[in-house]
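For reference, the structures are reproduced in the following blocks.
In what comes next, subunit A is part of two complexes: it sits with subunit B in the first one and with subunit C in the second one.
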Partner chain A sequence: MINSQNKEVLLKVVNLKKWFPMQHGLASLFAKEIKYVKAVDGINFEVYKGETFGIIGESGCGKTTTGKLIMRLLEPTDGKILLNNEDVAHIKGKELKNYRKNVQMIFQDPYASMNPRFRIRKVLEEPLVIHGVGNSRKYRDEVSKQLLESVKVTPAEDFMERFPHMLSGGQRQRVSIGRGITLSPSLIVADEPVSMIDLSTRAEILAMMNNLKREFGLTYIYITHDLSTARYFADRIAVMYLGRIIEIGSADDIVDNPIHPYTRVLINAVCEPLPGKVKVMKDIQIKGEIPSAARIPKGCRFHTRCLFATEDCINNPEPELIDAGNGHYHACSRASYLPAFKY
Partner chain B sequence: MEKALVVNNLKLYYYTSAGIVKAVDDISFDLNEGETLGLVGESGCGKTTTGFALLGMPTPPGKISGGEIIIDDQNIVKFSENELRKKVRWEKISMVFQGAMNCLTPVYTVGELMTETYLQHRPDTPKDVIYKQIIKYLNLVGLADDIYSRYPHELSGGMKQRVVIATALFLEPKIVILDEPTTGLDVVVQAQILNLIKELKQNLSISSIFITHDLATEAEISDRICVMYAGKVMEIGTNEQIYGRKNLHPYTEKLLSATPLLHKRVDELSFIPGVPPDLIDPPKGCRFYERCHVHMDKCKNEEPTMKEIEDGHYICCWRY
Partner chain C sequence: MKIKELFSEILDFFKDFVKVKTGLIGVGIILLFLILLILEPYILVYKDTNTQWRNITYWQDNPANAAPVWTQLFSKDKKPITKFIFDSETEEEDMNGVTVKSYIFDYKFNYSEAPQNIIFHGDANGFLGLQIFVERPDGEKFEIYRIAQNFSNENIRMTANTEARKIAYDFGKTVEDEQTLLNIDPNDLKALDVIFGEKKTGILVKPIPLKGHYKIIAKVLFLDSAATFENPYIVITGKVSGLLGTDNLKRDLFSGVIAGIKWALLIGVLTAVISVFIGLFWGVTSAYYGGFIDAAMNRIYEFFINMPMLPILIAISAVFKINIWILILLLCLFSWTGSVRTVRAIALQLKEEVFVEASKALGANHWRLIFRHIMPLILPLTFANMAFSVPGAILTEAGLSLLGLGDPSIVTWGGILHDAQTGGAFINNLWWWIIPPGLIMALLASSFVFVGWAMDKILHPKLRTR
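Now for the complex of A and B:
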């Protein structure tokens, strides 16, 4: 847990936007106005050094796009990304390469994120080669071996000579985590790192990531749709809906004391491995389907699905994040009129 | 209680060039009428293979190598392919396949897809009878009449899953197998589909088998749980017995403690070290021996047998 006294901001995201145009090339010349899919539509948050920051939401809410923007695999349409107070939103070339040395990503699918023709040795030394770290083969081998040992894929010498298809899903994801920390980055963006891993090893990988965090002084951004692991793994959680953060706070506050109606629905929808629920219907207080990110509702963007929305929610401008104390913010202007939360 | 389905000593082996994979090896369980039985386990434990076996259609190179599957006093393992197609599949037992909602043919409307299924099983049925039946079941799964003429790409994931469930039900079979029906759906939609399945269970009194790897989903839906590991049934018990967390098989116990609880923060989750055994050459004794935290010498060489430790609670472990 982070002590609130000595929080040091590692990453700050200011009014970040990513709009994908829907017309390209010639079509955009003739279009009256260019329509956009507003995948990320003005988000603000800070990530403190040494913490795990969870971003949760349903598919299509913009959580992966946010991860890619932070990784600078995408260039933002607007806004700032400050790493150690330096804006990296539009850097290019050498600067970008240097930035990527500092920020690494772990992908969801360990079957697709490795070149099938690379031996594990090569998978692990690739970042070193690209960034020109250590120019002797011996040094790179030594680093790779240590990495395999710290992600507990042992015996390391044996695994270095294998190809990815000779490893189980869990082992591959360990290797891909190892590859992520090769360059000792300060920030790791983990996009659903355990969602494709078997239940029995999922906990093991999360525990290992926690150990690495302590050992190497890492900071994680943990992107997931799974609230149960987010609560276990993350210190703070941001909940996204249609490209906006609608609630942000400590993991405990978000789960035990959610304010925004959408967060409440997410929490009530989670299944728990406890007895006595077979005959009870789940109370899901939401209506309709998620709107398209190309046609975001005006006013509060959740009003089309909210059971508590009034005329004001539609007519007033979109609410900004409101402080509820203790680092807990939400974007519901009618929060004080909502019934008490129960699960 | 009446039995909807009885499975005795079922074996399904895959005859691959590398050797015979004993994917389902001598399993027995039964399904009471009107109940939901959950099949849980890690990937590769044989739960989906079991589902396919119950329809009499093992995926090649798999073959049912022994045992019996009894529905309505008939052993369907003995049936020919033709009999299976005419008398068993969708007439007595149907299945919601894993990921089926993503496999709806894009050039057919929902109505055309469902009509085709109907005609395959009951040819010569008048069109208006089929139409009525389709609309009835679309409404039952919470969809409006106009979905009949929609194409799959016009539907959301949740709606497609509802269509697939309606297709599994509308020939009114006694038993439905649901293979990971909520995987790949968002939490909110998942909860809505689970509510739908509960509702259908109450209104139509169907017996069902719910296959998933997720113990948390299983707790919501299944009256009884059957835990599988490496092609064997490790434990069968009621929802209360399993999730009450008393007297469990070491494997179930570990799986449960590896599942995080939302409303209880834990500092360390436990996990199961190691990987499941190779099913071409499975271990001689208990298949969980290598990964078990409480194993004894006996477990290594002697295979444990099912024991009833309390009413309706069976465990396959030498500790009991």
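Now for the complex of A and C:
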């Protein structure tokens, strides 16, 4: 268990926002007011050095956007991203390029994340070429081979000359992870790295990622919608709903002792393939559909789906994160009135 | 390793390609053209066609407006073929102190039409008198040419002239009745038809050729003791010539058509490649950057696509003297738009691909993303476009040349057609002047279209299944 008091903060995200305008170009000149899709709507969290920080939530909650903002594939609308206390939210050019040496990303779809025309050699070499590391081809080949060995795609020589489509999904994701660690970054944003991998190899890949973490001193931000792998893999978990973090805490606290009604629903929704329970329809304590990020509900943004919401939840301003002790925070103003959580 | 890789890719492409028959036909025709192009120096009957096309004296020994030789295969009446005679018997005599040399050339005439002309060549120097006679099988003898002049070491060329026409008319007069003679204008007479005609009524109207052994005698009078005359030969120009006949300026059309291949290919291929690459660059850049750049680039593209190419090209080439390179540049200026829309559409799709984002996350700059990731994936798809834009370029150039606005210093098919139009090929039924250049143009253009179809079939499904 990571004790937040003693830990060095690697990444700090302050009031981060990403609003996508719905009108572009000339249309925006004539629009009465520009509407935004508020994909990420003011989030705060810290990631400590050497930990695995999980971000979970359903599709469209803004977790991938958060990942891309941290990776700076998108420029935030507002807020700060502090890596080692330096704000990288709006850096450009050379600074951004250097930042990318420090922060890398692993993408969800191993089938799409490699240029189909590139051989594995070229895929692995690309970061070296881009950053001008090692001028000789021999050196790059050596590095690529070592990388393949460390992500356990062996024998390395056999795979160097293959095209991505000649590899299995798991192998491809390993190569993709290898490409991510080529420049020895300090932070890796892993955006659902195992969601498209066969169930049988998921654990293997996650275990390998854990090994790499120890070996290279990495820090992961693990973005997923899958609570079970998040609990297995992450040290701390943040739960996102409609662009906000609604609960954050250690993985065990979140799973064993969830406070926010939404987190409870997420945990209850995990399938339990137990004999005799297969056909039991679980009572999931939620109603309706996730609202559009373009029209975020007034007050607590979860009230439209919450079974415990009152008038106050609608009328009062949105609650900030409330400390529940032991580094566990939640955003439910009625937490103390909720029934005890049970599976 | 790279070469091996490329080779295997080409092999794969070829394996698909042979399945499409139209493509094979197209490639076959293009290969044929390429072979012709490589063998041009050997095939050209007149080796200096490329440089001497507009030089009338280079072609002077050919018959004018002559049909192709092979047309003889289909007719009973054999027309005379151009013949060079170098062998002659030499007789020397002394006439009042003047040396007279007679060169006697034998000519076996066995055709159903008289030859077009008799041309005498020789290297002359000094003060010389020259007389050329034709001695017929029936013993009649005509003087068709006579001159006395001081030459200064030059190659001289003598043909039957107006004098010969007068002599022929006088000869015919003796056998025609008065009524016929009234209807004949001596200036319209073809001297050689009469000279090679049977001596009987109708010789001036519809001469019947007199077959047999003719002698052409050239008498050279050395009027000056230092005068010399060497290398005499005669050319008896026929009524048929070469594989594709001749035009009104006596140019060999086969040589012209063969010499035109390289220009057609050059214009077509260069224009296609350049304009497709510009289009590729334009489409990808515009799609990649998006926003204002995309909008601006699209407006420029729309400006060019809406410009009427032919009128503007006509205006430009009428005002300025254009050569082939400027023409190619102008053609590129108007035809790069062809592939932009497709390329942009594919690039819009590709730039959102995860691997592009992944490369961006690695720190790749715009150029790397455009040139390494997006363009190489679109390039194969533009090959079809390339093949399709070759015929357009060839035909546009031909159109301009047909209007007389092409590059006058080269031999192009359009130029030949332009000459055919102005030379009255249509009126005079000189089909060999019009059909071969037109046909070969259509053949080359369609071969590229065939290849384009085949590439379309092969390359486009790959886009979907990639």
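Please note the rule applied: the second predicted complex is superposed on the first by the 337 of 343 C-alpha atoms of A that agree within 3 Å, B and C clash if a C-alpha of one lies under 4 Å from a C-alpha of the other, contacts with A are read in each partner's own complex, and residues count from 1 in each chain.
Heads up, the rule we're going with is that contacts are C-beta pairs under 8 Å (C-beta built on N, C-alpha and C of every residue); 3 or more make two chains touch, one makes a residue touch a chain.
Remember, it's a predicted structure, so these values are computed and weren't measured experimentally.
In the three-chain model built by superposing on subunit A, subunit B and subunit C fit together without any clash. With both structures placed on the common chain, the touch criterion links A:E311 to neither subunit B nor subunit C.
In the overlay built on the shared chain, the residue A:P275 is in contact with subunit B alone; subunit C does not reach it. When the two complexes are overlaid on their common chain A, residue A:E33 makes contact with neither subunit B nor subunit C. Using the contact criterion defined above for the overlaid structures, shared-chain residue A:D109 touches subunit C, although it does not reach subunit B.
By the touch criterion defined above, A:S200 lies against subunit B but remains apart from subunit C after alignment on the C-alpha atoms of chain A.
Seen from the C-alpha centre of subunit A, the directions to the centres of subunit B and subunit C diverge by 80°, a value given as a multiple of 10 for the model superposed on chain A.
Applying the stated contact rule after C-alpha superposition, one finds that A:D323 touches neither subunit B nor subunit C.
In the superposed model, A:E289 lies in contact with subunit B only, and not with subunit C. In the superposed model, B is the one of subunit B and subunit C that contacts more residues of subunit A.
Here's the short version: in the overlay, subunit B gets within 15 Å of subunit C at its closest Cα pair.
In the superposition on chain A, no subunit A position is in contact with subunit B in one complex as well as with subunit C in the other.
Subunit A makes touch with subunit B in their complex at residues 58-59, 168, 170, 198-204, 206-207, 225, 227-229, 231-232, 251-252, 255-256, 265-279, 281-282, 284, 286, 289, 343. Residue ranges on subunit C touching subunit A, taken from their complex, read 1, 291, 295, 353-355, 357-365, 368, 372-373, 376-377, 466. On the side of subunit B, the complex with subunit A involves touching residues 36, 42-43, 156, 158, 186-188, 190-192, 194-195, 198-199, 213-223, 239-240, 242-244, 254-256, 258-263, 265-266, 268-273, 275. In the complex of the two chains, the subunit A residues touching subunit C come out as 25, 71, 73, 96-97, 100-101, 104-105, 107-109, 112-117, 126-127, 130-131, 161, 176, 179, 183.
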